[in-house]
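Quick one: the structure is below, and I'll ask about it shortly.
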Amino acid sequence: MSETNAVSSSKESRAVRENLHPGNWEYVQIAVVLAIITGAEVMVYYQEAVRSLIVPILLILSACKFTLVAMFFMHLKFDNRIFSIFFSGPLVLAFAVMMAVLSLFHRVLLGA
Amino acid sequence: MATAEHTTATSHPKHRRFGGIWSWVFTVDHKRIGILYLVTAIFFFLVGGLEALLVRSQLAFPGGTVVGPDTFNELFTMHATTMVFLSLMPMSVSFFNIVVPLQIGARDVAFPRLNAFSYWVYLFGALLLNSSYLFGGAPNAGWFGYANLTELPFNNATHGIDFWVLGLQVLGVSSMAGAFNFLVTIVNCRAPGMTFMRMPLFTWMTLVTSFLLVFAFPVLTVGLIELMFDRFFGTNFFNPAAGADPILWQHLFWLFGHPEVYILILPAMGIVSDVLPTFSRKPLFGYPVVAYSGVAIGFMAWGVWVHHMFTAGLGPVADAVFSLTTMLIAVPTGIKIFNWIGTIWGGTLNMKTPLYFALGFIAMFTIGGLSGVMLASPPADWLEADTYFVVAHLHYVLFGGTIYGLFAGIYYWFPKVTGRMLDETFGLIHFWLMTIGFNLTFAPMHVLGMDGMPRRIYTYPTGMGWDLWNLVATIGAFTIGASILVFVYNAMSSVRFGKRAGADPWDGRTLEWMIPSPPPDYNFVQIPYVHGREPLWLEKHPETGLGHGHPVPVPIAGGAPELGEYANGGPTADDLGIHLPDPSYYPFIAALGLALTFAGLLIGKAPPPSWMSVVGLLCLFYGVYGWIFEPVTGY
Amino acid sequence: MAEASLAGHLEAHEPETTTGLNHRKVLMWIFLGSECLFFGSLISTYLIYRNRSLVGPFPQDTFDIPYTSVSSFVLLMSSLTMVLALAAAHRRNLAQMRLWLLTTALLGTVFIGGQVYEFTSFVNHGLSLSKNLFGTTFFVLTGFHGAHVTVGVIIMLSLVFNSWRGGIKEGETLGIEIAGLYWHFVDVVWIVIFTVVYLLPY
Amino acid sequence: MGFRIRPPKGLAFLLLIIAVLVLFLTGCASNDPQNALTPVGPVGQMEAGLFTTIFWIAVVVFIIVEALLLYTVFRFRRRPGNDGMPAQTHGNTALELTWTIIPVLILVGIAVPTLTTIASASNIPTGPNALKVGVVGHQWWWEFDYPSQGVVTADELHLPVGTKVALTIQSADVIHSFWVPKLGGKMQAIPNQVNQMWLQADEIGTFDGQCYQLCGTSHANMRFKVIVQSQADFDKWMADQKTVPAKPTAAEIAKGYQVFTTGPCVGCHTIEGTDAKAKIGPNLTHFGSRTTIAGAIMENNPQNLAKWLEDPPAVKPGSLMPNYHLTKDQVTALVAYLESLK
């Protein structure tokens, strides 16, 4: 590797540090939250009481986990906006298409 | 190729160097990879054309006996698959390779070795797909291979479908790798001052196309994986006996397939949007509108796939909704056409072959667009679907559109690539012969369609009223064939004896015309600073005041006009202290490994993978690891 | 999934870029974008065929939720160790970086091991690829996720290997960051799969 | 070069486009058996009507755009007196808005009738007076059954004139597509899916249809006929179909009966009143009453039937009925028997 490489990369890491990344402690806290949510999900699964609401509850919980990991572990919260666009764009697209196809197959909405 | 001397001449002693054929096999130079793409794509264009001529010969007369029904099914399947995946897409990619880095003022693409990898994967995938002819039989279920006709119970006479599945997977890897590369290149390798809104339209459309590719192809990949698992491992994705819905394939395929249509047409639209201004000596009319309408088409491409399934009984709501979205997509398309006319309006049209093809594109594509609107209305579509009307429509779009656009590009950039002009007389003969042949072939198919002739039938009785138009179509097809031969002759002779082009034969407006033809392997002696939308024009004609900000002469290798000095060589990268990535054989090995892996699956009918897959995998890992840890000299 | 193994670390050097962003990082994010469509299609297929099997075994009498919860937890924690590895690299602490990378690889391996065990027990339950639509869609969806995790583990190990070879210099965090992006993505995909495939009531 | 001889070429181009258009106009509506623009039923009529509307709108747009294009090319081509530096215009917002809004309006004009037509086409008739017919696509022949009457036939769909018919379209193997161009519609027959559509024939006569979705080797040989009869004739036909053929007595016919019931035929076919009850091949109970055989690709006469029985795949490539190498007199006997099944 040429030293220009080391230069550019150390510049990169400086840039990253300037992004005020959370430190280990914050990371651990986030992990704990994730663990708790997972626990909650499993609990909900066994709660006969909330059977009627189980689907929305579970979907919301996993959406929270997804967002936490993407925002903090993947640094989208601190990184260049273009990355968020490159990722969330197709994510939304995939979700929309999925919903459309499902509604067609289950003969609701579009498929009515 | 004329570029050979120039580019090989320039590798420095201390760098790894390869001579002769190896200088092409191991090249990572985007221009050479582009040439490889172009030559291969034209070769497969001829193959696909041959298949088309056989199809037309069979249908020339009722009860034709040129080929049998099974061969006929193989022929039209391979014709479409070849034209879409082995010819038109790679031809667009060859222009991405040759032109985009030059238009944005870059020395190469972002990942030169990934670029080489894409090409070799494409070549090996294409060979894998076509080798099916040698192993019992080619794919035979149409280019959109509707399940469950592709499933073992109904398609086990040959391994054609297995070749199709695996071949398309390999080609998918190539297209994806290429698209990732161009996205990063356009986002990250633009010359200083080259903002998005200063990018030439072809680069814009490359950007949109690449986005469509990287997001649409995974959907097909999943469909192909499911089909492959059904055939190889006995899964039930499309097996009605297990309660599955074969229609799932239609959704997965068209979710890819409709963006694919725009993947095929947008690059051609980009070429036309670059050719028209150059040959009318006027800037593109409504640049931002044209660019954004391209982006809009890219977005809408995702909301219209069901219009391929209006006869699948999805219900009135689905039919209505997707009919409306489909009609909506006609708006940005129309806007482009009007802006193109606006561009030539008031210009001084330099009637050269590239312009003829660009105008031909507008004229023919308009017809395809209008028949598209007719197909967008479900009740009308119920009459047209799966008849020759659809065959006519799709050819007016993909031939009258894409192929006209690509030929415009070939005549436009050939001088830049080879340093020599294509002959005008032969060019015009090619254009007029092709235009006449094209309309003779496909216009009658509208009539045949409304006269109830189904597509993909190998024979038809007389007395249906189809005899005359089929004969006309066949005559037209052979006329097209003749015109293509004229082109091939023109290209082969011009590449050797064509008259010298010089840097800027067309009075061009964009960066690629600033540098010698063929360009030195480093492209730009000094990366230009871009002050406006049409940097070269701005520098040649400051008085026209197109500069956004006051026009400042752009630094050019040796000064634009007297570029003749580069006709034989010129300073090498090392003379100028420009470091270029070394050639590398790892991409080639990795690509070979990938192809072998898939071929092995096929021949072994895994599991377990035959020895070939194992060798392939080893090859692949060796290639990838060598690639990653390859010490990179240069820069 | 050739792209997957390639995209992690491609060309080993970059010139200055227009956006100031690193080529490989941009590539990785676009790649993850296209992976969204890949897993989106696989998950759609699963959901379309949900409760459509004509014969058993059916999900409700196959899944072992506590077991899978644990392995999901393991994968989730591997994301933590991954960011810790990156943080260590930022602190130019190669030793810790290697430690956390190896831990990540280890957790990943545990997850894969768990999946292998799960698959075997399901097969013993009489659920096979070709048994019914549930078997077909379940094994293919989770199998492809497993393949992604495996590739991730290989990437982690080669990063460690590379750092010993001196390929990763002090303060060079890019390779780790990019590999991390891939790893976290595989993790979030499992977050979705765990909920949609395992937890949603049948 | 090219510049002096351009005008003739340009004219050729113009003439070419006009010629294409004329061909299209003259070629489209005709009395050919599968012409979609001369329908004889309400469904086909509303679809063809919508097609024609959109077609003429398209023709107008086509002429405007192409004429504008050609005019621009001829007017602004470089020639002596026009080779200067053109004005470097960038665009014009008013124009952009115009050619955005006008297409939108045109499309609205197309969308409205489209939606109404979808609505009426999807309005499947129900109730007692609507005739129900089940259509099942097979490789490569069509099965038609009348559930209410318990009648099953093949390759020929009999309909009473002027009656609304509710069709359910299904497939026994791969995806097919059912269309009678003169009656309208078109619907895929998809495994595990029951598609519905309705038709009505307002004219007595025989109309052709065939499979429109690639379904394998003999996709081209998967034709059928729709025989539209007066209510009286239809009722008579239906009554005949319901009768169970008596056990034959005449020598030759009885021999054929014997060959049929003891041979491989019973493995796939059904003939009411015999032990042949298999549902793989067409139901032959009233075979003799049909005008065509083998996926309606041949007229039903003894010669053709013999030809078919001697080597089915030779007549219809890929035919699932193999060549059983029947002897000459077995064939003659079978022909006699089957043709007797009126």
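In this document, chain identifiers A, B, C and D correspond to the written order of the chains, with residue numbering beginning at 1 in each.
As a working rule, a residue touches a chain if its C-beta (ideal position, glycine included) is under 8 Å from a C-beta of that chain, and two chains touch if they have at least 3 such contacts.
Every value quoted in this text rests on a predicted model; they were computed, and no experiment measured them.
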{"item": "Chain whose Cα centroid lies at the greatest distance from that of subunit A", "value": "D"}
{"item": "Winner on C-beta contact pairs when B-D is weighed against A-B", "value": "B-D"}
{"item": "Euclidean distance of C-alpha centroids - subunit A vs subunit B, Å", "value": "35"}
{"item": "Between subunit C and subunit D, centroid-to-centroid distance (C-alpha), Å", "value": "50"}
{"item": "Whole-Å gap between the CA centroids of subunit B and subunit C", "value": "33"}
{"item": "Multi-partner residues of subunit C (at least 2 other chains)", "value": "12-13, 19, 21, 26, 30, 33-34, 37, 41, 48, 167"}
{"item": "Where subunit D touches two or more other chains, by residue", "value": "none"}
{"item": "Numbers and ranges of subunit B residues touching at least 2 other chains", "value": "187, 215, 243-245, 248, 255, 315-316, 632, 635"}
{"item": "Subunit A - residues contacting subunit B, complex", "value": "1-2, 4, 82, 90, 93, 96-97, 101, 104-105, 107, 109-112"}
{"item": "Touch list for subunit B against partner subunit A, complex", "value": "187, 215, 245, 248, 251, 255, 302, 306, 314-318, 321, 631-633, 635"}
{"item": "For the subunit A and subunit C complex, residues of the former touching the latter", "value": "1-2, 4-6, 8-10, 12-13, 15-17, 21, 23-24, 27-28, 30-31, 34-35, 38, 41-42, 44-45, 51, 54-55, 58-59, 61-62, 65-66, 69-70, 72-75, 80, 82-83, 86-87, 89-91, 93-95, 97-98, 101-102, 105"}
{"item": "Residues of subunit D touching subunit B in the complex", "value": "1-3, 6, 9, 12-13, 16-17, 20, 23-24, 27-30, 32-37, 46-48, 50-51, 54-55, 58, 61-62, 65-66, 68-69, 72-73, 76-78, 82-92, 95-96, 99-100, 103-104, 107, 110-111, 114-115, 117-119, 121-122, 139, 169, 173-175, 177, 179, 181, 184-188, 190-193, 195-197, 208, 210-221, 297, 317-318"}
{"item": "Subunit B residues within the subunit D interface of the complex", "value": "68-70, 73, 141-142, 146, 148-149, 154, 240, 243-247, 280-283, 285-289, 311-313, 315-316, 319-320, 323-324, 327-328, 330-331, 334-335, 337-339, 341-342, 344-352, 359, 362-363, 366-367, 370-371, 373-374, 377-380, 382-387, 424-425, 428, 432, 435-436, 439, 443-444, 446-447, 450-461, 463-466, 469, 541, 544-546"}
